[in-house]
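I have a structure here, written as structure tokens, and I will follow up with some questions on it.
Labels run A, B and C following the written order; every chain starts at residue 1.
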Amino acid sequence: MKNTVRFALAAALAASTALVALPQAALADAELLTVDLVNEPSSLDPHMQWNPDSYYVYRNIFDNLLTRDDEGEIVPQIATEWEYLSDTEIAFTIREGVTFHDGSPLTAEDVVYSVERITNPDFGSPQLSQFSTITAAEVMDDGRVKLTTSAPYPALLAQLVKLSIVPQAIVEEVGQEAFNLNPVGSGPYRFAGWDRGVEVRLERNDEYWGEVGDFPAAVFRAVPDASTRVANLVSGASDLVVSLDPDLAMQLETADGVEPRTALTERVGYLKLNPQKPGLDDPRMRRAIAHAIDRELIVEGLLGGYDQPVGQMLTPAHVGWVEGVEGVPYDPEAARALLDEMGDAADRTLSFATAPVFDQRIVQALQQMLTDVGLDVEIEMTDMSTYLAKVRGEPAQGPDLSFGRWSCACQDADGVLHPLLHSGSSWSAVREPELDVILDAARATLDEGERLSEYAKVHEYVAQEVPLVPLYQAAIIYGADERLEWTPTPNESLFINRMDWAE
Amino acid sequence: MSGFLIKRLAQAAISVFGVSALIFFLQRLTGDPVLLMVPEGATQEAIDQLRATLGFDRPVLVQFGEYLAGVMRFDFGASIVQNVPVLDIIASRLPYTIALAAAALALALGIGVPLGVFMAVRREHWLSRIGMGFVLAGQSLPTFWSGILLILLFAVVLGWLPSSGARQASSVILPAICLSLLSMATFARVARTATLDELAKPYVRAARAKGLPMGRVVTRHVLRNGAIPVISIAALEIANLLSGAVIVETVFAWPGLGLLTIQSIAARDFPIVQAIVLLGAFVSIFLNLAADVLYSVVDPRIRLDGAR
Amino acid sequence: MASATSLARRIAPPRLWPFLAIAAILVVGAVLAPLIAPYDPNAQNLLGRLRAPGTEVRGVVYWLGSDELGRDLLSRLIHGARVSLTVAALSVVASGIVGTVLGMIAAWYRGIVGAIIMRLVDIVLSVPAILLAIITVAIMGPGLVNVVVVLAFTRWPRYARVAYGQTLGLASMPYVRLSRFMGGSTLWVLGRHVLPNIVGPIMVVATLEFGLMVLFEAGLSFLGLGVQPPTPSWGSILATGRNYVTTAWWIAVFPGLFLFLLVLTVNVLGDHVRDVVEGRR
């Protein structure tokens, strides 16, 4: 009953704020940065979710152990330096003088607490798998923080770029649910309010230890329809919008005062083939599919040249990228010849799984290219959840082909190739013991040269056996007020303290 | 009257339970939110772990029992994705939905009904000739199309109104126009038919013969008697407005329940969907009941317990 | 002779002729789509994307322009008529039959059966159609047939309500009671005496629903749950086209116009059917 009363009160309160107190444009427009996201953040507790819209917001409230600069290099944030004590132990020196937004100092204990919180299986962090190799975190006698991993783990630093530091005292005092509603971090902006479904507000943290932002405040709004985001930008209602496709970017080029901003990311667009299905178990058919696809045409003709064709299942931003790997060349004649050779075995309708979030123009263009060499392909578009269940499930029951865009947000080959190709991974349709050995070896050493030579073998396997057809390095396209000084980064972050109005 | 109410309420309780159960089990056939929550490449162990933490590894019947037990205590659980009590989320969205539906209904009734009555009373007037075509045209465009056109015209080109969101009170205007176009023609049509029916009745002719002016006959008698069909359609149309709002809210980024519904369904945020369906069932059943009761108030000849 | 003319005028007065003509053109176009479409609706040309109406690229003349994949918009619209009309017609027929039968049963037996059916009507009306759409696609997979299933499943209550109300009235009519008393089976009485008398009102609902179904299919396409690409439907063409309003207006304007004309025609004709059935005018 208490709940009902609370519900009624909350509804009445919300109604009055919604209908009466709406005009609240207290800040001058130039002082406030308005960003249109696709959805509202699911949660601002940095350990409780993993999706871009939440990340865009909370990354401004929280500092991470490490971060990346605009060039994509791993650089200090809360940790100022680090040192490998052994292959499985690494010590971080924690920055001094950092305070949380409530004024309390950020200590080595907070770092240890954050690691233990996110790696605790019962806590239920969706990001668990990114940190699950960490077995222990402790404060050393000299005040440094030591992390221990179960085995040598070369992508550890890349993963720690995503580890946000939360204040132990506050989280323990107010509890999970309250912290989620009122997050306290140490970042350049502090949490200022959240109208559910409408917007999240941030205020500048003037005591920030690093680069203090130029905008006194920022709001992040949820605008699911891309055309509406463009209209918002053009009409001046927002200053920066995310997630546009190249054709919408074209609209911005013709409009006044706004422009597209783009950066190549570590996301790879790819076509996944399922070697556990009849027809596709024949490498000739898989090669034929790869030969049928004209990456250059997709990138130049369809994607407006923002993206970059790749011949391996990585981008130059990844550790593990090997210069000079060509991939299977576009050669429709060779594709037809291979299919002829197969005869009736190639005569089957292939299911092609996709979801509405992907660019359907690419999916349809791929279908057309495969149809052109004589294959019969049927697109099966389902919502994202169903799509994921299909492409991740037992390969024998899965779709024949699927389109995907992969990013491990770690810029390391281990986060791409291991899950997509290792037989022990549920994201992989490949069952190849020899390949497993190579992938395991590449993750078990910290020696970058050795890893590169292992990954070169993997790229060669992919080009020969074609379990995947790498297509392009995806660009991320934002729309921005042309007076906004800001360059998008490859790791899909929006750091407000790196933005300003041009004079 | 009270016997009728008790019977209908008992039926309502059973149907609410039925719809809850149906949606509960059907939803779980569509997977769970875990795969959408974890990063690409998450290991099977991590996925299983999260599934267990969220309780999706248990038999569906056990989950259903727990859900029912919660509902009995007015505990609708917390959003899986947002970690916020479902009631708080719905309470924050409901006012926007009500504001939008009310504004749209007011527009649709305010324009549709007078137009319909006018078309019946002044059949030869030029406005009557184009009026129906005009409102039918509004009903003939998909809202995702008329919505973006309204935004481009009134927000981008003219700059009169906010393009989307709910930051200002004026933000409701464009989505309300867009949504009202769906119902306006219905109201105009029903109002016109009802008025025509009344005008054909002997008492109108008698009143006219007695020398009463047409305007008075219409306002004093015709409108009152013609209100019944309009009321019954309005009840249906409210349900239509609430569900039609899904696309309108998406286009205008209006933070109502429609947008929440589609996002929660896509995210497999079961507790929210469950609560929205429950709320929807209550509203729909209540509206139908209210319409039946209203008939008898407007026209006492209609008995509640029997057929009309 | 005079009476035949006046009957014809009552059924199809001159002011409806333009709409009848539009309806005829649309239906004929949909039926003959493969014969009259100038090109393959799915043939792409990535080097001929977003060309304005009248442009010629490598011997292909885009009379109504080309779409975002360089396909001929005119051909897609002609084939799209087929898809949109089929989906709408099938879902109207399916929901009409299910709804009418259930509504008649509910009114005939009243009591517990009637209560269950009519509460089911309330329930279905209260469940968001989008939820049913996602569940259907998740369980049965995507496709044209499943779009029809979703539409039929969400719309049958409209017919059930009308059939219920009408049957209730008829069931107390002397001749229906007599026929029942004479030992006519339920099926026979319903089919012989009730159905013919409620067909009119049901037809009225059906014509109005037809226009709505076209719009619903478009809405599902907008949400990514409609017919599968590259199959063209007016709704799906319009759903992509709306992103090109300022850069390639033709992709949204032409399907929007066609859709508008179709729904308007159906609504105008539906209005007329209603007037004729209800004996007005």
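Methods note: a residue touches a chain if its C-beta (ideal position, glycine included) is under 8 Å from a C-beta of that chain, and two chains touch if they have at least 3 such contacts.
Computed from a predicted model, the values in this text were never measured in an experiment.
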Pairwise touch network: line, ring, star, complete, or other: complete
Highest-count interface - the chain pair sharing the most C-beta contacts: A-B
Separation of mean Cα positions, chain B and chain A [Å, integer]: 37
Gap in Å, rounded to a whole number, between the CA centres of chain C and chain B: 21
Computed distance of Cα centres, chain C from chain A, in Å: 42
Multi-chain contact sites of chain C, meaning residues that touch two or more partners: 134, 138, 223, 242, 245-246
Numbers and ranges of chain B residues touching at least 2 other chains: 30-31, 148, 152, 250, 266
Sites on chain A at which at least two other chains make contact: 227, 383, 385-386
Chain A residues within the chain B interface of the complex: 1, 3-4, 6-7, 10-11, 14-15, 18-19, 22-25, 39, 42-43, 45, 48-51, 121-124, 126-130, 132, 176-177, 180-181, 195-199, 221-225, 227-228, 231-232, 234-235, 237, 383-386, 388-389, 392, 406-409, 415-416, 418-420, 425-427
Chain C partner contacts - residues on chain A that touch it in the complex: 226-227, 245, 247-248, 250-251, 254-255, 297-298, 301-302, 355-356, 360-361, 363-365, 367-368, 378-383, 385-386
Chain C - residues contacting chain B, complex: 115, 119-120, 122-123, 125-131, 134-135, 138-139, 165, 168-169, 172, 211, 215, 218-219, 222-223, 235, 238-239, 242, 245-246, 252, 256, 259-260, 262-264, 267-268, 271, 274, 278, 280
Interfacial residue positions of chain B with respect to chain C in the complex: 11-12, 14-15, 18-19, 22-23, 26-27, 29-31, 132-133, 136-137, 139-145, 148-149, 152, 185, 189, 193, 196, 239, 243, 246-247, 250, 261-262, 265-266, 273, 276-277, 280-281, 283-285, 288, 307-308
Interface residues, chain B side, partner chain A - complex: 30-31, 33, 35-47, 49-50, 53-54, 73-75, 78, 81-84, 87-96, 98-99, 148, 151-152, 155-156, 159, 162-169, 171, 250-253, 255-256, 259-260, 263, 266-268
